[in-house]
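This is the structure I have questions about; it appears just below.
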């Protein structure tokens, strides 16, 4: 689905490669514009951070191949937070205090990004996250921007899925962090408002490995449809364990689970599962991105790579329009309307998040395939 | 059997031993007496291979043995009973004997030793931590006997024991000596030690000062005054 | 029967903790410090098994062998290289070294295997499920119970009935006396690391089959096992096993009533309560030290 498609993709990739080689010299003339990047590059959530880093690397290579930003090459300093807010905070302090960057791209997890918001506000630094979607971030700071729509949109999208499936009673399993709690709460409210009944809201721990008793509780509630929000590792393990236990409900997942690693972990139990995807992925912009990504990294992009790619391009575009300083970048980002990115069309709202739309996917024979435009 | 010549050493700080010269002949029972803190225990540690720093000559049957580990010394027939409670509280009496049987090259069977220490037989399954002080000391001697040592280094075996038990301890030492074991005994109870020993040395401030037959030293006024609680006589130096 | 099912899950969790907990308690008994690298040794066991099954195509029994032997060697190497030179250096120094060794192991494994989450499936003969009084028990879970029981029994025999076991207990009881007596104390300590690490390797394989394998899995596994050790009484082998089983059941009962996200909190709660109410633990003594069996 997302893989390179034959000769056309290879040709496009070759083109990008040649452009990158040719442009490397062109952008080397003036002092670089340096920006920061903080994400989970090691630890339990490294899957996300690594794929976002690759999206960013691709964008930087392309920007510099085109001659940089007004001749200034774009340079990114990468920092690892290991999904640990205090590591993220010290990385942020280094980036702003030592490297004097006007903008930091990060982090992945809402929990970690939330820890950076007060620092961004205090130091007047733009903080732009690719995939943090906690509603707590909405309007949290004039310096915060979120490139993926927030969880309010996602919880409401689940209600649409429930309607399409004619489901009125369902259970929710949520990972116990800001992200999971955010999605759970919005769905809980909106589903009730739409006449549905949540049979049980069962939390499971971040970093957990044994979810059998949680599954037992959901099974005992009589739920035939289970909405699950979590990270790849925990949720994938959870589905595999449910399968071993003989519990086979209709699973509906969140955007974070729309990843081959999740399906691989969940095994056969993932078949038939419905998954959301933030943004639109059946566009020419996405195909160009995907081909270039595959050519560079010899692997298909994940559903986070394109958001990181867009984030980097949005930052470069904002520097070009507002100048290489935080206030200018912030004003230029806030004014972004209808930017066509790899992950969809981006318009920033007043709360800092882009307005979102979703695609629905379904797992068939271990593959995540496009099912429905939400 | 054992010969120390000009041995010095200590624990890393100031020297505790400053010139120890003594000899234990084969089958001989030698006592080392002296005031508290003179370095008696340190002498035994130097021989037993557990003192951090040793200089001078220590020879076992003419072979230099300084620097050898307790394990290597055990292989040469040297058994060391340190000062204090020398048992492993959670091991049973039988396990103490088995522990030594597995370590000593010429060990006797626990059964053979129990015949010599019949008082231990009813206690075989008991953890050593639950034994009385006298029983623990007997266990130590039984464990030492099991190794069928050629040289026994024993430090204050009568410390804190009731007089009747002290006699049991000395009887056990006499029995070992009767079987040809050479013994170097350190004792606070100098009177009792001198009565039992063939020969004795007096240690003062880390130096061997006096040497003599046990009974001679018992009668030596200097020894009597310093260590045996005799009234101070006018002839004292 | 939901209560019985929760009990089964609790005992499975606890059995895994037990295999790791025993290693903590053995090392504490003999050296009087917590070997915080131990959870990571179990993690390495998981990856060794993963390699044996995945890359080398071996069966599960051979993979268990690779993990058990590999971890025993790793444990001895850690003792020899990281701890032995510091044996007289107080208690804080080995703790700091342990943190260093843990980070080293986690990063090495991540370097070799990547950060991705991995699983290895149980062999077909363990894939089935049996129903016991209404509770479902999988083949893997039965294997976990059986392997834990056998491993703990073998350990109990080794420590309680063999010459090596007597030397280990003597060293734990009174290190200086053991040295003076000629007990090969270095070998006894190495043996303790080898035994504890071998069981951790076994736990790594069993845990890996039940859950997922990541380079950082040793951290939470280690914390849970440590809580189990304190609950059972530090230094006591039966205490570690009982503490682990109790903690496993408590975590799963908590997950039922409060939600699974509470299970880590329950471990911490159990730890705090034990230290407040009965610091010597369920089966420990007031004066910890000896390895008890």
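When the chains are written out, they are named A, B and C in that same order, and each has its own residue count from 1.
Just so it is clear, a contact is a pair of C-beta atoms (placed from the backbone, for glycine too) under 8 Å apart; a residue touches a chain by one contact, two chains touch by 3 or more.
For clarity, every value in this text was computed on a predicted model and none was experimentally measured.
Visitor: Work out per-chain C-alpha centres and flag the one nearest the whole-protein C-alpha centre.
Guide: Checking distances from each chain centre to the full centroid gives C.
Visitor: By CA centroid distance, what chain is farthest from chain C?
Guide: The chain lying farthest from chain C is B.
Visitor: When the centre of a chain is set as the mean of its C-alpha atoms, what distance in Å lies between chain B and chain C?
Guide: Going by mean C-alpha positions, chain B sits 43 Å from chain C.
Visitor: In whole angstrom, what separates the CA-based centres of chain A and chain C?
Guide: 37
Visitor: Which integer distance in Å separates the CA centroid of chain A from that of chain B?
Guide: 76
Visitor: Considering chain B alone, which of its residues make contact with at least two other chains?
Guide: Correct list: empty.
Visitor: Provide the residue numbers of chain C that touch chain B in the complex, in ascending order.
Guide: Those in contact with chain B are residues 163, 166-167, 169-170, 172-174, 176-184, 290-292.
Visitor: Once bound in the complex, which stretches of chain A touch chain C?
Guide: Residues in contact with chain C: 42-44, 46-47, 50, 175-176, 202-214, 216-217, 220, 232-233, 236-237, 240-241, 244-246, 261, 265.
Visitor: Using the touch definition up top, name the residues of chain B that touch chain C in the complex.
Guide: 48, 50, 69-71, 73-74, 80, 82, 86, 88-91, 95, 98-100, 102-104
Visitor: With touch defined as at the start, can you tell me which chain C residues reach chain A in the complex?
Guide: Within the complex, chain C contacts chain A at residues 2, 5-6, 9-10, 12-13, 107, 110, 115-117, 119, 129, 136, 138, 207, 210-212, 214, 216-217, 220, 252-253, 255-256, 259-264.
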